[in-house]
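Below, each structure is written out as structure tokens.
One chain, chain A, appears in both complexes that follow, with chain B as partner in the first and chain C in the second.
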Partner chain A sequence: MKTFDSRRRRNIRILAAVALLLIAADVILSVSLRAPHVLSGWILFSLVVLLALYNVRKKLPFLPLGSSSAWLQVHIYAGLLAVLLFVLHVRWRIPNGVFESILALLFVAVAASGIVGLIMSRIFARRLTTRGAEVIYERIPVFQRRLHLEVEQLVMSCLADAGSTALSHLYLARLKPFFEKPRNFWQHLMQSHRARHRLLVEIESHERYLNDAEKKAMREIADRVRAKDDLDYQYAHQASLKYWLFAHVPLTYALLVFIVFHVVLVYAFSGDLN
Partner chain B sequence: MPRPSAESVRAVERWSVPFSPKRSDEDIDRLLAIEPFSLIDERKFSGRVTLRGILKNDARIVKCEDGDILVREGDWGNSAFFVISGSVRVEIEPSGKGLPDEVLGRSKPKRKGLFQAIAQLWRNPSRPEVRDAASYQIDPRLGTRGGGDRTRIYLQDVSVVLDKYRTATIHAGQFFGELSALGRTPRTATVFAVGKAELLEIRWQGLRDLMRRDESLQRRIDMVFRERALESFLRDTPMFRHLSEEEMRRLVAEAQFQAYGQYDWAMPFKRLVQAGEAAGVEHEPLIEEEGHYPNGVLLVRSGLARLSQRYHHGHRTVGYLTAGHVYGFEELVEGWRSRASVPLKYSLRAIGNVGVVFIATPLIEAFVLKRSGPAGAGRRARPAAATSSPYTSRIEPDLVEFLVENRFVNGTATMLIDLDRCTRCDDCVRACAAAHDNNPRFLRHGPVHDHIMVANACMHCQDPVCMIECPTGAIHRDLHEGQVVINDQTCIGCGACAKNCPYDAIRMVEIRHASGGFMCDETTHAPIVKATKCDLCVDQWGGPACQRACPHDALVRMDMRKVQSLANWQNR
Partner chain C sequence: MSAELPPDVRFDESRYERPNQEWVCGRACEGQTCPLGPSERGECQAAYECTPYRKDDRWVCARLASRGGKCPSGPLPDGACCRPIIPCRPVRSVLARRRVVTLFVFALALGGALVLAGLPKRRNLVSPGPLTSHHSAIDKGCAACHAIGEGTLADWVHASVVSAPGADQSELCLDCHRQYRQHGLNPHSQDPQVLAAITQRVSSAEPSGTAPFLLSVARFAMGAPADANHALACAACHNEHRGSDASLTAMTDMQCQVCHDRPFRSFSQGHPEFGHYPYLRRTLLYFDHVSHYGSHFTDPRLSASQKDRVPGCRECHVQDPAGQAMVVRGFDTVCAICHREQIEDDTSPGVPFLALPILDLKTLDATRIGQWPAVFDKHLLAAADVPPLMRLLLRADPEFAEAESQLAGVDLSDLSQASERQKQAAESYVWSIKKLIYEAVTDGQAPLRQRFVLALGSKAAKTELDDIVGQVPLPAFAAAQQRWLPDLKSEFEAHQDGRQLSLPRAAPKGDAETPKDAAPARESVLAGDRSVTSGWYLRDVDLSLRYRPVGHADRFLRAWLDAGARVGQSSSADAAPGSSPGTSLTAALKGVFHSLARPSAVGRCMKCHTADSDAAGGTTIRWLSRQPALEDRNFTKFSHRPHITPPGNDGCLPCHSLKEASDSAASWSLFRPVFLGADGSLNTNPHGLDGNFAPLSKAQCASCHAPGAARDGCLTCHNYHILSGRRGTSPRP
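Up next is the complex of A and B:
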């Protein structure tokens, strides 16, 4: 079985060789006064179609079309090659027409979202095993609701037993908003513990106003705050891993449509292209 | 403070659950009057385990009609049969050329055509567990008798079968099925009734006790075992392949078969898991102990065994052995080369039920080591040891411990997920659903060790305890490719497989019409239930869709017998 490292090295070598070949072809065509953008354009178009086909492969898991991981490897390196071809195709300039600018922006957005997605899938997956229990994304609201109910019951029991509202005030002001829905999305992605620390400090400092029964309840609430924070961490990372595709895939379809128009326009107004 | 009052309950005893509730003393008297039971000396039985008790509680009388299939090749069974009256036939065609799967009540693995595969895109129903009622029209070649748990598949035209396939007769007074019952191995042939026959089906526990107390029965079964099973097993063992006929005969005569551990390990293990406890090394039966001097080698014939080493005050699991693996050979070779006694490096313990064959040192010396001298012995030993190496140094010991403790090493297609690479995209679940009419056949959830998850999917076990009690043989191992599959057409929904599966990988589901309504039995009007589980996409192109759908190489279906593959996967 090939290691990931050796696979990566092999793929980078292939990518570098193909990239050098393409650059050489571009240079040769340029100095021979041909139109290198025709070749780069068509190769780029083919590559974008190939890249988009990965989504089709995903929809046909029951056909022997090769493993998804092999497709993803092709997708990643063909995507990087497409970036190089794009740069060659636009001759290192920013397009000036409205249509061409939108097309270029779409390409940049698709490429950027792909690279961000790749980085996330490599980093976030590893992070998910380091904090909190393994939880299925769709079940997160259930666990969140359960924790909220438990905290609510602890607060209510103190209200009835101790007759004090110190805990309930804290609950309404700080805990209820925290337990109601996922919180600190970006902070979790940035690996920041600040929000969790601040809330736990607040809880600790509030203890001086509580009687023994309330203190006991408060310690249990602190445990739930930690559990909810871990759940939020899972939510932030799993949601990011799921939803980046909602940008990448529609943008790809939009790009394909624009490319087709681009090709039609180019051939419609290119009397001397050939 | 009042003392809590003790609540009396009746302790469960060996025969609290008899094999059959219908037991009459007349039947027992009748059995005691026929050979071999009439020849057994009842005085050899003592205490609670009596001959009469065994026949009453560990055996049941089975009345068969013409064509009734009693056991099928490849089935897993925990009982043996004794022919009381009439006769039965055993099919003796070579494996793969015998009775077709459809006739035996099994599904014939049919790969979907290309158009059928693509058509799944729009043909897959939107509702769960939809079935085509027409598919339950009984195959004209397949007959069923009885009802509920006693449903039996029978051959409709026995005379045609007898003309077309070679068979041998098992007459009244003979046993069959005892080797697979005692050795926990698959049935090697299909047996069916010809005309009316009356059989005594004996649980393996009863047969074991009869053998212990009746020397002639023990001799007979031992002889049959040596003739039919041991020789072929030893011939398949690489270190004995070069032996001549004469040498093989001597080896077969002197080899000893030993069994360790609990035969019915699955249910106690399941209860331990449900109680959140694991069995632990010290509770497992010790086969050989580290530090002792070997007086031979052990060849694992069936089951799983744990290799462990003492580590401070406990034991550290270093590997596991499965069928075909050899224990103690390395130490013998070292001893042979250094002319000194080398103690065993590891302890060997039974996980569940283990069958081993013991070959004494003089035989190994004569047949293996002396053949090419000490240096050659070392060279000869290496490839054999390499193919059967239990030494899993490249796998983290904690992971081995986790896999062995939870019996995941039983799987031939255990679903492992590397959580460091898994993005939780659920492409695997969607692919599984797409390949199974929109019904995912596994849960992407399960016990986690470090970053390795063992997902809740059928592992297609080496020791498939789920197959033991299936009354119609609907759950069976595909004889060609080895997957454990369920024939939906002959599954009667009794739930025995789901109850027996120690890993809760089988789900009972209520099936529906395409309109969404539940399918109900025409007489009882109860919803029809079927057992469902992962079938490794046996009817799809390209193998398990889950593994092929994983974009990040996180999910793998691992044959746990291939320790090297596991090590390579973990160290990618």
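Up next is the complex of A and C:
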């Protein structure tokens, strides 16, 4: 069985060979005064359709169309090839027409979101295994609410037993907003621990105002804070892995619309002899 | 932390999630989902936590263990659950939200594209980019260049599926670029036959070079995009809509060479030597640099002022306004210093226009020919024949042509051996001359113009006729008639009426008094030979009316030379006896040309100006030195401006060096045959090579034009579209 690295090396070699072939064909056609943009354009269009079909494939799991993993590999390398073809197609220049600029921007947006998604799927998946528990994205709110309730109960019990309001003030001012919903989204993506550290230090600094029972409760609360922070970490990464497709997929269909329109314009305006 | 997770949260033990469902519970984000979940239409289905069942006579709670098991309160007495679920507002799942966003963006893109195509200014929006500054002023919109330009979206879709309606795209280009209309889409805008001939010549002359690898592959894989017989679309090389400053002519060297049979790597590697370029044909003016600089300019007979004005290169040659070519300054600027006197040579008698030939008056009957001047002392130089210009006018008279044919080989000054028939022809010959003079004297220019029209044919331009006819001096005709044939009017009218002529008066002696009714200008016209240095005058010694050129570029001589050159000069000047009138006139016109075109002829016109034969069999006299025209495009271009950096001759000589070991004698033997035949006649073959200068060396150009230095691409020195061939000349390499 091939390892991931060996499969990646093989795919990169195939990608490089095809890329070289396409570059050579483009140069040869250009030297021969044979309109290389026609070839690069049609191959690019076919590739974009193929890339878009991956989304369709995911909706038809019951059809024997190959494994999703294989489709993903094809999607990744065909996408990289499409970027090369796009550069060849626009002849290494920035389009300056209104319509063509929109088309180019759409392609760049789709390609960039795809590359960002690829990077995220490679990095974030590894991160998810290094911190926090493996929680299903849809169950994160459940766990988050449970932690919130536990902290609330700890605070309420201290308030009833000790009669001190120090802990409840801290809860209202800092802990309640923290446990209500996911927090520190971007800091988690940036692998920053600053917010977590700051909150824990703040909790620790309140210990001198607490009695022993409250101190014990505070330590338990600190554990819940760590758990909630790990949960936020999971949430930030899993949400990113889900929501980047909100840019990639819709823009792909917009791109397809503009490509069809572009083909119509090109063939209508190029005339017979071109 | 996994160990800290409760079972209902852990991924491998919690309840199975269905994220692909359209709707999820509105409390999912609070972690309080109900077991039922929303319906497929997104409606909350929450009612009670369980549906109690009846066991015997009791209602039993049926809440699932995963939801907390049986509740302590149990069902109500009527069997209803005591724990109602507060309804929620279901929300779309992540997948469904993505689907909605996708549909929205898709609709937005489609609508945007359709709106964009439907806007009145859609052509600005769908344009792939601004036009170059050359085309940006076109005010016809897209339709000027695109057949479908002003169509609707439906038209565009139709045109993209079938072929574009109307003219081909490149044909629309030629609507404006009319100069390429004829062969514009053929390679190099050339007639396929012309290009094929050039290809054959170059292919056989040049060795095959080493082509760049990519070019070899491209030619092997794709072949040439077009051959001489097939059109190449304008857009193959010219890419528009790339901005106002974009180049429409940018091409790589490999693209230039993809059609060529002899490709090479670069200018310095593989480009053929220049051969005889730029001296591919003789110059338009006959000017021998070697003899001028070798002997004429150093002639000790030159005056001090002439020596001071010996020109260098830049005194005769100046850049044209575009800085491209070096053109020759005018005659008056340089050449006149030495050559004006040759043109206005008053030692030459000038061109004879009218002359009375010597007749054998002893043999001819005076009562039949009337009055005719006898040869006296002052007529010693009179000839027995008429001059070429007069012969041309006479041959427009059929009677003269008939008489002339019968008098072939007969000496009019001695008719003692002539037959009666020849004597009658001589009489007819005489009356034709008298008729010519009589018509000019009595009817003015009209009869002369008719004769000129007959003589010069339909090709004669009106301006040319005006130059010729308008300058014929009618007063001089009258003066000649009064002086040499004073009774012409009465005699000719009697001859016309068929009356017998009386014995004429004593023949004029050539020193008759000036008629009192002559025109005022007659005084100068009738002056002595040397007193009239230019223009018309009568010459008694040979009974002739002559013309001396009025300086350089004399209109009269030029018009006659042009007229004579047009009929060509390949055959002999004389027509065979019995030839048709048209042939006879043509031969006479050739005679005129030969008499005026000798380098030593009056005016010395053809001493410097050359005559090039053309494909039609005629000859074109080069009155001007090379005058580059803006629309003239040859295969090779060269701009002198950036190349002549040192002032004076030093800027020219590095490239235009006179041949080594050339002297006047060598130059005479090498250079003169290019322009003149061995017998002094004109050489009308323009393809003779200029022998004055050593050929240019490619290495000299390559010393600067090389990679990393000055540009060395094909288009630096070569044009693609060639236009000179359209003007009747072969394209220059």
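We take it that the second predicted complex is superposed on the first by the 271 of 274 C-alpha atoms of A that agree within 3 Å, B and C clash if a C-alpha of one lies under 4 Å from a C-alpha of the other, contacts with A are read in each partner's own complex, and residues count from 1 in each chain.
Here is the rule we use: contacts are C-beta pairs under 8 Å (C-beta built on N, C-alpha and C of every residue); 3 or more make two chains touch, one makes a residue touch a chain.
What you are looking at is a predicted structure, and each value in this text was computed from that prediction instead of being measured.
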item	value
First (chain B), second (chain C), both or neither touched by A:A254	second
Which superposed partner A:V263 touches (first chain B, second chain C, both, neither)	second
Which of chain B and chain C A:V31 touches, first, second, both or neither	second
Which partner reaches more residues of chain A (counting touched residues only), chain B or chain C	C
Chain B versus chain C as contact partner of A:P141, first or second or both or neither	second
Contacts of A:M190 with chain B and chain C, given as first, second, both or neither	neither
First (chain B), second (chain C), both or neither touched by A:I119	neither
Which superposed partner A:A16 touches (first chain B, second chain C, both, neither)	neither
Touched partner set for A:F246, first chain B, second chain C, both or neither	second
Touching both chain B and chain C, residues of chain A	134, 136-137, 242
Complex interface listing, chain A residues touching chain B	1-4, 58-69, 71-72, 120-121, 124-126, 128-129, 134, 136-137, 238, 241-242
Chain A contact footprint on chain C (complex, rising order)	1-2, 4-6, 8-11, 14, 17, 19, 24, 28-33, 94, 97-98, 101-102, 104-106, 108-110, 113, 116-117, 124-130, 142, 146-149, 151, 155-157, 159-161, 163-164, 168-170, 172, 185, 214-215, 217-219, 221-225, 231-237, 241-243, 252, 254-255, 258
Residues on chain A engaged by chain C in the complex (per definition of touch)	24, 27-35, 93, 95-100, 106, 132-139, 141-146, 227, 230, 242-243, 245-246, 249-251, 253-255, 257-258, 261, 263-274
Contacting residues of chain B [partner chain A, same complex]	112, 114, 117-118, 120-121, 419-425, 427, 430-431, 434-435, 444-445, 448, 450-451, 453, 537, 540-542, 545, 547-554, 565, 568-569, 571-572
